[in-house]
């Protein structure tokens, strides 16, 4: 029994209980909200992605080919037709020179495309971030490639790069010679050509975020540096670049990750050819699984790539989080009044 | 011999226009070529020297890919493929599917993503770490999971179905939906909500009357941004649907695969059709594009 | 009748104590001002009264009943925010009736009250505008109107004028005063501006580091500060505060590098040691050099009615005296300064006031 004193004061224990009540209710409400919101997402993960991952693991340890299952359409037939092979498939993967080459090709492709997009995007942004006549018009044109469907880019690219196409024509006119370059069907240049298409496609991405980054830079430090006698070059390297570092990292990391997964252009133009000149990781997995129907080997390959990519993605995310954190510290609002 | 400020500025200005115009040509040429080819008659597709602007402009390519596609399939060059090709080209169905699939998946992603983003912005229901981990849904290449997904889809009846694609598009666009809508929600000052609250508005009332109207245009931008990504998707659509449920990128790819010779004019005509909505949408939200990609790294 | 009581109110953020066991009773109809430097806990206190922050411990009562567990909207409060927090997508009229709509007041009644309150704060001509089209001062009036119209028993004002320029501030300060006169409701006003506190408050609550340092009427706070902190915080120009030491040398004296002051009779038992001598600039008496301890005037700053005289001292802060009006002093002129014993303030080494 809690006592109520004459002047209406209530015993402390009861107050504390009441107070805890509101806080606890709030916390409980937020928790309920959180799980209500997350549940459809988690359900999808559980019913779609988790079974897929489990199947992936299964088939990379059990040798299976679509031909072994015969005509049976039953799901179980897959399992019955599979044979446990332990780590054999993984051993094959690590011995597979073609796979090794695909990894190197993908890394080359992604690195080249990323740097290309970044250099062009950043360069254009530096030329454009201060207002000038025609800025809006240039901006509209410069973002167009990003708004074009990749497969459309592939086919349009083919029309332009075709041996009797306009690019060779333009080169002929400029040089006075009859240029008949094969941009697509020559082993030595095919990957570079795809890379050029990728750069054309995604330079707008780097351009847009570098523009936004440059526009958001505080003016005062730059003006202060100018008054202190710093040259444009110094201001660029000592003030703009360090302040832009998070955005630069973002432009590089995101682009690299997406370039590692590039498939539509590479596949629809060259299917990995000529020879295996454009056989990147996604193309090799695609061929293995969907052309040679070697589901199990494809699964083992995929599994290795999944782990590899998870590693790269996590490293990328780690770097992004670090940048975000340093940015938060830099822009940390002063502790609130009072 | 040193230059004055004005001279320096003029030199820079000329240099800028020069470089920008070169890039403009590089950007514009493929688009120009696509449009120009789409109006060329058959004989000019491969002629040497190439025809830049045709004098015999025709709508035949458009008519063929959008209305007479059955006739196209029985052309001389493809006749031997017979019945099989008859049913290959289904542009209107593909347009309908693309609109439906991209539309529904995007709508779901934005609805769900913005509610989640509100929770993150106001109550930190996901930590910053989890928010970044969410990016994995987008960043791990889908090719590594698509084979088991297709087996599993086949088992549960989602293969070659609209919901099947919607689910995967929803999952892969979610990171963008959450991050982008959060950037808009973060901009609504908390004091604004407090003001509504102390004036007697309930939680939902505050969201409905104060928060939502203020982020509405941001959510529309988020929707259109994700629409661009889902509309162009190729790999998942190719492997998980292509027979019954066809989307526009796949419809286009069929012109590439169906014949020995290339049909540039037809491809170009279809390409123009696929691209126009995206360009329109993209230009509409051009001011917000940077947000979609910036993941909180650009501070205003 | 509406009375706000805070009992042992405490707020911690992690291991930072923002408000430390605060006890305060605010009487019905009182205009109380919480004042102090940034981070002193005044805004946190206000936000706990409003219900936007949960206290870590202690209780808040309105009219005798504990409201810790009530949502902000159930506490019968009105609040005006630093950023005004007007709804930018609603026009001024809709902003004002928002609270009435939430209370499900009839349409006719809404209109009547809106016009009444618009009249009261003189914004009738703005009703059709959007907040974005209004100036800072107008926005603040609108924010006031939006709060007034719901007729709460208590008004909480969180630095409402800090985003305005000096002239507008004075103008709106007068407006706040007038409204309080007219409405006779309880006003709890938070500011870091001592001048606002002095001119508005019935009672000032000075806070520092989460605790109440002194409470009292503006005159009381000004003429009877309990510590170095309060003495330094109130008054413009600030009180002259000279660090030095007290010595017993036959009689009690204060000594520093620049000044030696003999203390009046009532301080004769002062204990020797480090301390601070304080005198308000208006209490410094300036006279023509007359064979005593002379010093030269540094800067002369005429304010119109008064003139400020600055003297260089060994300390960082110059010593300031105010002399009336047009009395002609010029820079470099030698003068003598004297300090009336009744107006001296002495503080010990810890900053506490030494009383006779």
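We just call them A, B and C in the order they show up, numbering each chain from 1.
Heads up, the rule we're going with is that a residue touches a chain if its C-beta (ideal position, glycine included) is under 8 Å from a C-beta of that chain, and two chains touch if they have at least 3 such contacts.
Please read all numbers here as calculations on a predicted model, not as lab measurements.
Comparing the centres of all chains, each the average of its CA atoms, the largest separation from chain B belongs to C. Of all chain pairs, the one linked by the largest number of contacting C-beta pairs is A-B. One finds 57 Å separating the Cα centroids of chain B and chain C. We define each chain's centre as the mean of its Cα atoms; on that basis chain A and chain B are separated by 15 Å.
The multi-chain contact residues of chain C, meaning those touching 2 or more other chains, are 82. Against chain B, the residues of chain A that register as touching in their complex are 30, 33-34, 37-38, 40-41, 44-45, 48-49, 51-56, 59, 75, 78, 120, 123-124, 127-128, 132, 134, 138-153, 155-160, 162, 164-166, 169, 200, 205, 208-209, 211-213, 216, 246-247, 249-250, 254, 257-258, 260-261, 263-264, 268, 281-282, 285-286, 289-290, 295, 298-299, 302-303, 305-306, 309-310, 313-314, 316-317, 320-321, 323-324, 327, 331. Here chain B touches chain C in the complex through residues 189, 191-192, 194-202, 205, 209-210, 213-214, going by the rule given at the top.
Taken in their complex, chain C has these residues touching chain B: 50-52, 71-73, 77-79, 81-83, 85-89, 98-99, 102-103, 146-147, 150.
Those residues of chain C lying in contact with chain A across their complex are 18, 34, 36, 38-47, 54-55, 57, 59, 64, 66, 68-69, 82, 159, 190, 192.
Within the complex formed with chain C, the residues of chain A that make contact are 8, 10, 15-16, 18-19, 21-23, 26, 334-338.
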